[in-house]
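Two complexes are shown next, each including chain A; its partner changes from chain B in the first to chain C in the second.
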Partner chain A sequence: MGFSFCNYRKMGCITKLENMGFRVGQGLIERFTKDTARFKDELDIMKFICKDFWTTVFKKQIDNLRTNHQGIYVLQDNKFRLLTQMSAGKQYLEHAPKYLAFTCGLIRGALSNLGIKSIVTAEVSTMPACKFQVMIQKM
Partner chain B sequence: MTVHNLYLFDRNGVCLHYSEWNRKKQAGISKEEEFKLMYGMLFSIRSFVSKMSPVDMKDGFLSFQTSKYKLHYYETPSGLKVVMNTDLGVGNIQEILHQIYSYIYVEYVVKNPLCGLNESIQSELFRNKLDSFVRSLPFFSARAG
Partner chain C sequence: MARQSSRGGSESKKMSSELFTLTYGALVTQLCKDYENDEDVNKQLDKMGYNIGVRLVEDFLARSNVGRCHDFRETADVIAKVAFKMYLGITPSITNWSPAGDEFSLILENNPLVDFVELPDNHSSLIYSNLLCGVLRGALEMVQMAVDVRFLLDTLKGDGVTEIRMKFIRRIEDNLPVGEE
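The block that comes next holds the complex of A and B.
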């Protein structure tokens, strides 16, 4: 599952969407955190993304946050806002990556402005649930 | 009381969706023919009603009934038409047809970028939501009336 791209052209548009999300994420985090206290650690930041950030953007929290404590976080949203109107099963699954790229960028951009470099990928097996995997890049 | 079937037409007369629950008699023609016939009749009734009306109308054509069933008609400003056949015991259900439009059609077809507009609706989610909505209507069950 996850991203599988059949051709290079499609890859290009996914990257473009991801980059747009990145820029928007950077902008949003700047505005959302201007009245927030500084974060203690990486987990604190991830919790902020799952709660406040997600609520402001998607009007709900992330349902499940898991981590291996080695820089990999999995954010699971059981009713991801952009997919709820599309399907409640496997129909249209092949189209899902297009609608997740922007959000992956959004997370990456937000983290980036909090000083965390990361790679974010998304995975859908049954809509509208989806998982975002955040891999922190050690600098 | 009972619900027989439901048609959704777009402004050009394309049948976007058809579903049936309690239909004892079929038309005896192909579904495509039936949709055309139905739309043609509705179209005629609309122009008939507007020409024959002795006063200015707000809503226009709302419903008609025969000795056995009642046809309810609801049309949005964008030209989407919701047509539901029920038995005679059902009163005015404009509000319910409007809910089908706003809670189900808009929500699961218009807000789904993968659904083409003005073509037959393929989304399973839409079908499921519509089916459970109609089944939950107070006048759906046959034994109630």
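The block that comes next holds the complex of A and C.
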């Protein structure tokens, strides 16, 4: 039984948190990529997000990156930093989305400034593990 | 992955302070959208800071190994030299003691919260870093000190330095369980 981020979508506070994350993601990626080499392709960008970007923000890498090669990427963090202090299981699961919205925005903002328009959602079934799903929007 | 990812420690430290600065900026921006006037934003920042302070003090005491302060001067030293250093990476100087020793100023040469910030003209009464006042007040309240904290000078408003004024109001007497000091 996963707790979907979308259930909360209609609530204004989640949108605000997501938007704040977006703005921060934009700013961070601008600072962070000023000395890096040009990216080869979309996958290269996603790897950068999973590795360097995640390490900077959360002090660890994404544990697993999967893609269907059609614009959907799933980033799995088995020990997501904002959830580790909260629970190791299903307790407080209903509160998890509030702690993920900012990070969804962070990913979306970072990708946005790298020229990729996306929709990012998060899903948790057992804390502190969580999955971020990135759906690339073709422009 | 071929990309170079060997980054120095100082760089990653700088990045995390930028994460903090940018996140704080996003918070203030959001509050300015949510509330109609700057006074309300100031109030909200102070309140959020207070809620952070009452939690942060536990982290601080656990990590710093600092014992109980015996006077306000000692408190000032701990705040400036240990706490600001630990959480913001800066050491403000302590000046302008009142004769009674119940008031002092923290002078911040560079406030990390305001990196990349410019205040637009229509926010002249916004106290951008007001969260800090709440943090200090909340943290000190948890160690039985009621303190008034406010910004006197702010580099964002054209002052040469940023000055936070701290005034000791009273010691909070709480009912300690018998046998505990």
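Keep this in mind: the second predicted complex is superposed on the first by the 129 of 139 C-alpha atoms of A that agree within 3 Å, B and C clash if a C-alpha of one lies under 4 Å from a C-alpha of the other, contacts with A are read in each partner's own complex, and residues count from 1 in each chain.
Here, a contact is a pair of C-beta atoms (placed from the backbone, for glycine too) under 8 Å apart; a residue touches a chain by one contact, two chains touch by 3 or more.
Keep in mind the model is a prediction, meaning the values are calculated, not measured.
Participant: Does chain B (first) or chain C (second) touch A:Met86, or do both, or does neither?
Facilitator: A:Met86 contacts chain B only, not chain C.
Participant: Quick check for you: in the superposed arrangement, does A:Asn19 touch first (chain B), second (chain C), both or neither?
Facilitator: second
Participant: A:His95 contacts which: chain B (first), chain C (second), both, neither?
Facilitator: Only chain B is touched by A:His95; chain C is not.
Participant: In the overlay, answer first, second, both or neither for which of chain B and chain C A:Arg66 touches.
Facilitator: Touch status of A:Arg66: no partner.
Participant: Tell me which partner A:Thr56 touches in the superposition: chain B (first), chain C (second), both or neither.
Facilitator: Second partner only, chain C.
Participant: Give one of first, second, both or neither to describe whether A:Lys117 is in contact with chain B, with chain C, with both, or with none.
Facilitator: Neither: A:Lys117 stays clear of chain B and chain C.
Participant: Touch test for A:Ala37: chain B only (first), chain C only (second), both, or neither?
Facilitator: second
Participant: Do any residues of chain A touch both chain B and chain C, and if so, which are they?
Facilitator: none
Participant: Using the touch rule from the top, collect the residues of chain B that touch chain A in their complex.
Facilitator: 107-108, 111-114, 123-125, 128
Participant: Would you pull the chain A residues touching chain C in the complex into a rising list?
Facilitator: Of all residues in chain A, those touching chain C are 16, 19-21, 23-24, 27-28, 31-32, 36-37, 44, 47-48, 51-52, 55-57.
Participant: Given the complex with chain B, which residues does chain A contribute to the contact?
Facilitator: By the definition above, chain A touches chain B via 85-89, 91-92, 95, 99.
Participant: Which residues of chain C touch chain A in the complex?
Facilitator: Its residues touching chain A are 1, 3-5, 7, 12, 15-16, 18-19, 22-23, 25-27, 29-30, 34, 116.
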